[in-house]
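Chain IDs A, B, C and D follow the sequence of writing; residue 1 opens each chain.
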Amino acid sequence: MLRIGFLTSGGDCQALNAAMRGVVKVIQNNCKEPYELYGFEDGYKGLIYSKFRMLTGSDFSGILTRGGTILGTSRVPFKTIDQPDENGLNKVEAMKQNYYKLQLNCLVMLGGNGSTKTANRLSEEGLNVITLPKTIDNDLWGTDMTFGFQSAVDIATTAIDQIHTTASSHGRVFIVEIMGHKVGWLPLNAGMASGADIILLPEIPYDIDKVIDAIEDRDKRGSRFTIIVVAEGAISKEDAKLSKKEYAKKLAASKHPSVSYELADLITKKTGREVRVTVPGHVQRGGAPCPYDRVFASRLGAEAGKLILKGEFGYMVGYRNREMVKVPLKEVAGKLKTVDPKADIIKEAKLLGIKFGD
Amino acid sequence: MLRIGFLTSGGDCQALNAAMRGVVKVIQNNCKEPYELYGFEDGYKGLIYSKFRMLTGSDFSGILTRGGTILGTSRVPFKTIDQPDENGLNKVEAMKQNYYKLQLNCLVMLGGNGSTKTANRLSEEGLNVITLPKTIDNDLWGTDMTFGFQSAVDIATTAIDQIHTTASSHGRVFIVEIMGHKVGWLPLNAGMASGADIILLPEIPYDIDKVIDAIEDRDKRGSRFTIIVVAEGAISKEDAKLSKKEYAKKLAASKHPSVSYELADLITKKTGREVRVTVPGHVQRGGAPCPYDRVFASRLGAEAGKLILKGEFGYMVGYRNREMVKVPLKEVAGKLKTVDPKADIIKEAKLLGIKFGD
Amino acid sequence: MLRIGFLTSGGDCQALNAAMRGVVKVIQNNCKEPYELYGFEDGYKGLIYSKFRMLTGSDFSGILTRGGTILGTSRVPFKTIDQPDENGLNKVEAMKQNYYKLQLNCLVMLGGNGSTKTANRLSEEGLNVITLPKTIDNDLWGTDMTFGFQSAVDIATTAIDQIHTTASSHGRVFIVEIMGHKVGWLPLNAGMASGADIILLPEIPYDIDKVIDAIEDRDKRGSRFTIIVVAEGAISKEDAKLSKKEYAKKLAASKHPSVSYELADLITKKTGREVRVTVPGHVQRGGAPCPYDRVFASRLGAEAGKLILKGEFGYMVGYRNREMVKVPLKEVAGKLKTVDPKADIIKEAKLLGIKFGD
Amino acid sequence: MLRIGFLTSGGDCQALNAAMRGVVKVIQNNCKEPYELYGFEDGYKGLIYSKFRMLTGSDFSGILTRGGTILGTSRVPFKTIDQPDENGLNKVEAMKQNYYKLQLNCLVMLGGNGSTKTANRLSEEGLNVITLPKTIDNDLWGTDMTFGFQSAVDIATTAIDQIHTTASSHGRVFIVEIMGHKVGWLPLNAGMASGADIILLPEIPYDIDKVIDAIEDRDKRGSRFTIIVVAEGAISKEDAKLSKKEYAKKLAASKHPSVSYELADLITKKTGREVRVTVPGHVQRGGAPCPYDRVFASRLGAEAGKLILKGEFGYMVGYRNREMVKVPLKEVAGKLKTVDPKADIIKEAKLLGIKFGD
């Protein structure tokens, strides 16, 4: 009897269901022994507090195209897993016990950076763990691509396209704030896809004067409007010099709900121009996965299923140099994949005339 | 020689270009005398300051599906048109002079409420004016429908759909703030289309306790999440008792960027629940018009073209009880079409279980 | 105890699930007595052969946006219902018996023309029946609009838009064949929405020479390409003179899979031009309903629910002059709502320069 | 003075304009000498017959998202370029003469397999040529990806999704014929993205009995329907044994417009089942490019611009192992990149339960 537990952890994104369906299809079609599938509810919480349900084929029917996660999800920060909960429960021990109580052969965890650290910890504790790289941020180390990313690029690009018609009709400076957590993959790609004029990324701290120069330069060349794509983690050159603590303090003290409003204010102060801010927000993580993500997540799921059937554990399934690979969890955990300011794509964007404020 | 001036006024929206193309196609295909088309730039500003360009067939090629307005637009509030500009210019006189200087036979104005008041004023001053009902708010009196509305419903619905998957995956209360200015057509339709649980409209002031009851009632019935669609003009029962001035003052003093954040705060305070707010904002007005709007705007344009050929002026072209109609501008100007809280659609929504906080 | 049976009949379309959900939501939220919901499988077949399942709340969760029908559907032509089946079963009697055996209070039937005739028959036989107007063709008499129609317009328009870029790049004559059965609502609206040059409808038999004139006229004016939208039921002036039988015979004898290929051949023969044909086909009926249809189907469902609670039967719920109405089934059955060649929309389309081949 | 000629050749596809815009943006922003841009009309025809126009910045404004090609395109088969035209013109010589007459520094050609062979020939004749890999088929040798491909996957997937709801509602076998010329990349990816049950590719000749087994196996497991994605170049095991000539003859003699209808007939004959065929056709090549293609085409264009500025010619710009590369034209010309039946993605698809008829 093969017993597999599933959980989805952290912020939800597109193609979580597609990836789980992939694993399950492989088991259904190829497993020669009987098997049972367990779904833990709301991420690691379900594993900690033994909230789960048995899953059958019908749970996975029609979910290839469905957004969100049929299991529910939640955030249990890695740094809290060694702290007892409010009732004194040792969370790591609880997860281990529930794993053994259900006689699981392995746990399939779909999550991002923090969640993978916890998965690695469970692997080190002796559990059989396989993870799949879930995040719209595409910031997971060890894989060239994560599922959710391309779907989010599609949504963010559509939003900027829509702002484009209004910006050009009204002749305005428009800021669109795009997700991506502390890395710039999503705003970079959505910005390039939508013909943004300026893109501000966490990895390339911006000089406000260069941003203003770029706006005024467009003016001089007769452009009626400027579209600035601002990563939610964008940072100015001055702020980049602050310690993490100081910067967090500064952010918390701001009267603005996000960095984009701060920047809009500054541009207005320095140039007298009206600047509009749009923050598409959570829509970027929702809705049906795009075809790219459906294929990609299915493939990742298939490879995870293969590893389970072979009994190989302790890996994240990733994609590197056009090959599906298994990456040891300890190599992945705690590392971030950021945009290299010297990467080809940045050089190309600059050749195309896109300004990064550096 | 027939000389027609065009201008688009107020916030841009989808199908402005489609509507103009409609007028022009009728002229091109049916006008027996020579004609000239003039496009005033950036709305009434172009007419006031004589900024215009001659338009030819190629200007209208391929614009049926293009968002925004090829003429540019701006807001010139009705209440300011009788105030001299910073150089002492009389705006109304300037518009009349430019109209006569170009020997125009008529002016086609595409705009919403305020812009139509100005158009009516120009009509009263003796100019030949025809207007087309442009607004995503669908709040123009005298027509059952305005172009831009259905496109905005599509975009707003997609946004709420996308929030839906995240809300259900995380088990959260989510507020999505939908445009519509001071009326509820857009949030009502987008909310019904996306299966929202609670919809708060300007026309139905809400009781915060009823909103919270509705959330808790869903909880009791086992729902993990609640989606609240909040009109940008939504107002609480208490605030509805304030005078316009007092309410404006209260809004201005708020630390929140919009009513949705205020409401989210209140729900959190009263229930301890985490509430997320998403404000899709300007994206609702941008991008390509939906097929419905393309047909509708083309038909409005065609009827406007017909009126021009017949020499009938002083009308807004509208749609009433499934018929294209010409509505005298003086009947339209200054009136608002709001959602009747006793309308069938509201009764149906209530039967379906949607709560309005009343 | 209230017992309601549901069935969906004929070709599937968008918003069938949304409409059923509407009825059920009203019952769930407003019915004061206990109730049971029965879903007959695959249309009238399920009622004839007693194939059904009990439906619960979870069957209707999340289906507002789901295409197709959760009950399955099939075609049981009206003219066959009085013929015994292959085992000698009297179909009408079987439906009555199964209705009474389950002690149903009413039957909710979602279907188009033929299906509504059968519903009317059952109503005449004494069953309590309510129907909802389902069809992408919008050809049901007694209602200005049917659900599925606007979703199909959206899909058909997108298809023609996509052909547009290729037609203009290659400078070709392109025919796109659009559904709509024997009426022209769908090709007319999709054609106008996508800027088609020529639209051939069943209601306006075309003269091939006028079609060719229109193509050549575009050539002379410098257009590189021509887009012809052909209704699947389009017919030439000569063929329109044939009896139904003769025409059916002629169609059956054709070597072409549809009228569009026939037309393409003819144009090529007469002009030497290369003509490409695209037949989007069944995609027009599939996928998620558009926001318009979701609201509209929900409203229809709500009104049906209201009628059930009031105990009023024998009606189709429709929409006329912007009001929800109940239309006696006997008034609806057997009548078709066609495009009037003298309707305003046709006149407007002609003013816009669109040719209909007449 | 730098003089650059542009032409787009072969079937149009998405992102042709985006790619040209990329080249031009690089020149505009980085070229230190004066430059002139020439656009040849309708592909190689424009170069042969000296049909061109000067291009300015405004030609490239707003075309990032526009489908088709602003230059027009046509097919001039490689094997015909050495045959004189109907007036005895030597085409290769004519192209060379026009190139020299305009004093071009280089020719940028956007095209697929055949067009690249012609480009290579011109390069061998001494012209400076750079090509960009255009095709929805993704069959160009020397690059992992071509622009147009992902946009076509998106459209094809949507079509199959739409068929899915109808297939499941009616319980039918549905065939959807997907483009891709003689290779299977597009049907493979669209099929996996849409959860197709059976995918028939040119690279994996199918055994009709295995296809029927797969349909019947689904039946036995309780599935109401089967979706078969058939590549336009799909071929049976028997037909794969024929010589190219024999097979072409057989195809020409068929009464069916395409392989899918042939297959449908065969399935119906062997199983008695009703099978529906949908052929989305040219829509797969049309409409706006998806965000992935916009970024990718812009990057390819940027690299081409870089090569032009450096004076490096005789290359196709490609993408290999996540790096932009220049590939000598002579290495590319005449080679095809097909789906390897033993590739990981095929193995994964099989693990997921997808049948290929082998």
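Throughout what follows, a contact is a pair of C-beta atoms (placed from the backbone, for glycine too) under 8 Å apart; a residue touches a chain by one contact, two chains touch by 3 or more.
Bear in mind the structure is a predicted one, so any value in this text is a computation, not a measurement.
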item: Approximate Å spacing (C-alpha centroids) for the pair chain B, chain D; value: 42
item: Euclidean distance of C-alpha centroids - chain A vs chain B, Å; value: 35
item: Between chain A and chain D, centroid-to-centroid distance (C-alpha), Å; value: 31
item: For chain D, residues contacting two or more additional chains; value: 161
item: Chain contact topology (line, ring, star, complete or other); value: ring
item: Interchain contacts (touch definition) - all pairs; value: A-B, A-D, B-C, C-D
item: For the chain A and chain B complex, residues of the former touching the latter; value: 8, 11-12, 14, 16, 42, 66-69, 72-74, 155, 158-159, 161-166, 168-171, 174, 224, 255, 257, 261, 276, 278-287
item: Footprint of chain B on chain C - complex, ascending; value: 22, 25-26, 28-30, 64-65, 144, 150, 153-154, 157, 161, 189-190, 192-195, 290-292, 294-295, 298-299, 301-303, 305-306, 321-324, 344-345, 348-349, 351-353
